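Starting off with a structure, shown below.
For clarity, chains are labelled A, B, C and D in written order, and residue numbers in each chain start from 1.
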Amino acid sequence: MSLADAIERFVSDGASVALEGFTHLIPFAAGHELIRQRRRELHLIRMTPDLIYDQLIGMGCARKLTFSWGGNPGVGSLHRLRDAVENQWPRALELDEHSHAGMAAAFCAGAARLPFGVLRGYLDTDLPAHNPNIRRVACPFTGEVLAAVPALNPDVTILHAQRADRAGNVAIEGILGATREAALAATTLIVTVEEIVDTLPPAMNGIVLPHWVVTAVAHCPGGAYPSYAQGHYARDNAFYKQWDEIARDRPRFLAWMQRHVLATGDHRAFLASLQQEAA
Amino acid sequence: MSLADAIERFVSDGASVALEGFTHLIPFAAGHELIRQRRRELHLIRMTPDLIYDQLIGMGCARKLTFSWGGNPGVGSLHRLRDAVENQWPRALELDEHSHAGMAAAFCAGAARLPFGVLRGYLDTDLPAHNPNIRRVACPFTGEVLAAVPALNPDVTILHAQRADRAGNVAIEGILGATREAALAATTLIVTVEEIVDTLPPAMNGIVLPHWVVTAVAHCPGGAYPSYAQGHYARDNAFYKQWDEIARDRPRFLAWMQRHVLATGDHRAFLASLQQEAA
Amino acid sequence: MSACTRDEWMTVAAARLLKNRDVCFVGIGLPSAACNLARFTHAPQIVLIYESGTIGTRPDVMPLSIGDGELAQTAACVVPLPEIFSYYLQAGRVDIGFLGAAQIDRHGNLNSTVIGPYEMPSTRLPGAGGAPEIAQHARQVFVMLRASRRSFVERLAFRSSAGYLDGHGARARSGAAGGGPRAVITDFGMLAPHPESEELQLVALFEGATVEEARAAIGWPLQLADRIDTIAPPSAHELDTLRALHARTREAHARPVRIPLPNG
Amino acid sequence: MSACTRDEWMTVAAARLLKNRDVCFVGIGLPSAACNLARFTHAPQIVLIYESGTIGTRPDVMPLSIGDGELAQTAACVVPLPEIFSYYLQAGRVDIGFLGAAQIDRHGNLNSTVIGPYEMPSTRLPGAGGAPEIAQHARQVFVMLRASRRSFVERLAFRSSAGYLDGHGARARSGAAGGGPRAVITDFGMLAPHPESEELQLVALFEGATVEEARAAIGWPLQLADRIDTIAPPSAHELDTLRALHARTREAHARPVRIPLPNG
């Protein structure tokens, strides 16, 4: 299935969508396709909203954001996210804000189909006062009061991975972040991959998402760029630094999105347009 | 450190001890050493009490057993376990009985240092009526009532693994059962290994217990026999079948233990005595 | 067809219930044989999960234990056991759970814990293991159990896992996510719950087996379904495949294991 | 020693606080430089954990992001992120957690969430990330933060992670498992909590820095410890090692990444 078809078929306006990947394997191609297809009112979920969420938010695709850290790692702010929160541009953005540990517990609960996750966390912070999704639960054995978060069960989780086989088994190698839990927590799971192979290499204790938990696989080489795919290509740290300039300014941001995303038909054309610009 | 030294130093009478390994990598050598050193009043913890627990129980080492399935897999009963429960021979055995899912949740809670684990489980079974360690907890978001179990945090967890490096990092390959969670839940972690190497093979997403969670490593080739070590030797299914006969009869059991365990100085001698008998 | 044992017939009957892409939570013994027979015959893409943590395993011989090395070597992947129970079973990702037991009652509740009082049992059984949550979460449960009045009983000594409780919708009201025991394969044929009372009734007989034989083996007054199907005997292909699997398994398990005594 | 920047001095001062077998939960930027400098100098066996899931990582160049490939390639192992927070941090297996922030108050409480009201902030910061639970569970927290009256403030706009709360044992009474912020390394020297009041006070100055300079940069009336140590400037070895690390890092990050455009 092509990525465009998968997004068309499985992601509707208003859906809750988690594009996971922790610095590594961020599904940029899929995010761009959401923008091209002009999805609206999305509830975006992601521990670390990255450039791709900055773009989705800046293009007005999102109604709500569930997250735990929203910056450009090692660089600074996500200016489109800031503009949405500080100035409601291009629209207001509802925040469901957590800590990493809390959001990880929420994904784990979602993957296990439990209604809530438990952690020793959020102690004496101001987050619970601003988020009704952070509550307390008492241990039925010791009486100790712990933090609780509701399970995260995205309508759709979208990942990028190195490879899938023809049956739809997906193998991931390297830094996982919360990808596996986000995948297993979702109702629908779409995975873009660098390559589709006849048979996956032996996994034993490696990370495999079995075919019957995967809804659709789309072959999309380079689909994580400017993030990276371990063993395939490196993270383009220079692009992450450039983005700070591009995103700082509304017109420049819109022009960049027009030229590289809206005016390109697919991820291959997106990559080509960047290459052309660099040449 | 030798296995005998590790047991001597780290396992005291009355301790709660988990020898984990799910069919695979069951730490027989360590269990035999507990018997040789005549540990008493142990609280034994293990999802699937296997032959080694049958032996520990039959030799009177255990006061209490936390478990979820106590049989000889594919063969039948653990006769020494049955004799202890049915006839209090050689002594009474207190049971803390769970389902696999409940005990897995308890180990996970222990590894995460949470006081309890949550699951959708034990529904309409008679287990909670007989085990005060199975309680209920209400979701603070939905009100749904779920099962809760107290965390398992053994004083000592003992595992067998394929290899460790000289720094004490331990790598496990193949079927894990609840070994990893039992290891991380323990106060003290002893690991016997097939081999000690200068450098472990690259792990990436493989299973490694970092050296700073491992208390002691003992080199003990064949230490899982008659269980097995993936990549080293196979499970001796024939021995598991023979055990049914040996353990069925108290005098025969005691004679076997005397000859092969008490009269042997270490695991090497134990293996040699079996080989001699087979010859 | 050549003469076959009742165990073989049970295995074949169970295998036929499995569809090509079913995700099965497999136990040791007859269920393992049934699932692998299905895989070697009409259901090559069946997904087998063993509770030891192996997912999508494709063993060439059957395991003796739930965690034989063969299961890991042929698996799509091997995960920590807690994930099998939380991320797969509890998450509703298992279509078919197989269970055995020492005792079953007329509503498909099972006992694998004790005979006699829990605190002072006359027979201590291995215990529930994975059964309570398999029974709770699997979309369907298939029970495989040889019939006798000691095993198909009026009243369980202990309820290790829930079937339809007292019937008449009690299970649905309990909040259990799975569908409960949809089939009980035994050595004269098959029982299944009545649509309303949820009492196990005779729905099919092996060719040549009789209602009287069935009634004699069941410890409660066995009801008959409106229609009793006949289960065709194992085909030559089924039987050959099953026997070859058993032969390979016997051979593999008979192969002597060298005691791993280090040299020197 | 050759002239060095305050950032370099901060990095060296932080590195010196680390012991050879410490388990450190590392953030990006100055903490990452400090931990790796320690590893390349006096603490070769230091264990570095990055929240992305890499355990025991030994990068040759510093990562730009928390999840660069270099971290995974050189790690003892890479685990799912939830395990980092549950099985390692929450389980009390982290000796030292490094934190930065936009604001710190006199009791070491930190703000990395918003300036202004939460619902309508004047500046939306990235958020707490791993900080609330690092602050709660790490045995010790080291804060690295350049000083100014905008960052060292009388009152936080938002408490993203807890230090000593209002001091005087409030943290201990809260049930937090970890020891709290034991050191704040800033660009004139170091603050540490007073043993009783738990108010951050000046405990050490970089050689050449003055109390006046420190007071000018701190937004509350800065108290002085009974004894103010002098932090020796970076040695030639420390500085050479750090600069070589930075040079390797700059070179690696400047290496153009080929856009992964498939051929054809």
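Operating definition for what follows: a contact is a pair of C-beta atoms (placed from the backbone, for glycine too) under 8 Å apart; a residue touches a chain by one contact, two chains touch by 3 or more.
Keep in mind that this is a model prediction, so the values were computed, not measured.
Asker: With contacts counted as defined, which of the two, B-C or A-C, has more C-beta pairs across the interface?
Answerer: More contacting C-beta pairs are found at B-C.
Asker: Which whole number of Å gives the spacing of the CA centres of subunit B and subunit C?
Answerer: Those two chain centres are 27 Å apart.
Asker: Between subunit A and subunit B, what distance separates the C-alpha centroids? Give it in angstrom.
Answerer: One centre to the other, that is 40 Å.
Asker: Please work out the Cα centroid separation of subunit C and subunit D, and write it as a whole number of Å.
Answerer: Inter-chain centre distance comes to 56 Å.
Asker: Specify, in ascending order, the residues of subunit A that touch 2 or more different other chains.
Answerer: Those would be 113-114, 119-120, 174, 176, 204-207.
Asker: Do you know which subunit C residues sit against two or more other chains?
Answerer: 72-73, 78-79, 86, 90
Asker: Using the contact definition from the top, classify how the chains connect: line, ring, star, complete or other.
Answerer: Graph shape here is other: it fits none of the named patterns.
Asker: If we use the touch criterion from the header, which chain pairs count as touching?
Answerer: Result for touching pairs of chains: A-B, A-C, A-D, B-C, B-D.
Asker: In the complex, go through subunit C and note every residue touching subunit B.
Answerer: Within the complex, subunit C touches subunit B at residues 28-29, 51-54, 63-69, 71-73, 78-82, 85-86, 89-90, 113, 118-119, 121-133, 136-137, 158-162, 165, 171, 174-177, 253-254, 256-262.
Asker: Residues of subunit D touching subunit B in their complex?
Answerer: 21, 23, 45, 47, 55-56, 72-73, 75-79, 86-87, 90-93
Asker: Using the touch definition up top, name the residues of subunit A that touch subunit D in the complex.
Answerer: Where subunit A meets subunit D, its residues are 22-24, 47-48, 67-71, 73-75, 77-78, 81-82, 85-86, 97, 99-102, 104-105, 107-108, 119-127, 130, 174-181, 221-222, 225-226, 228-230, 232-240, 268, 271-272, 274-275, 278.
Asker: Which residues of subunit B touch subunit D in their complex?
Answerer: Per the touch definition, subunit B meets subunit D at residues 111-114, 167, 169, 184, 200, 203-208, 210, 212-213.
Asker: Subunit B touches which residues of subunit A in the complex?
Answerer: Residue positions touching the partner: 113-116, 118-120, 133, 135-142, 144, 146, 148, 150, 172-174, 176, 204-207.
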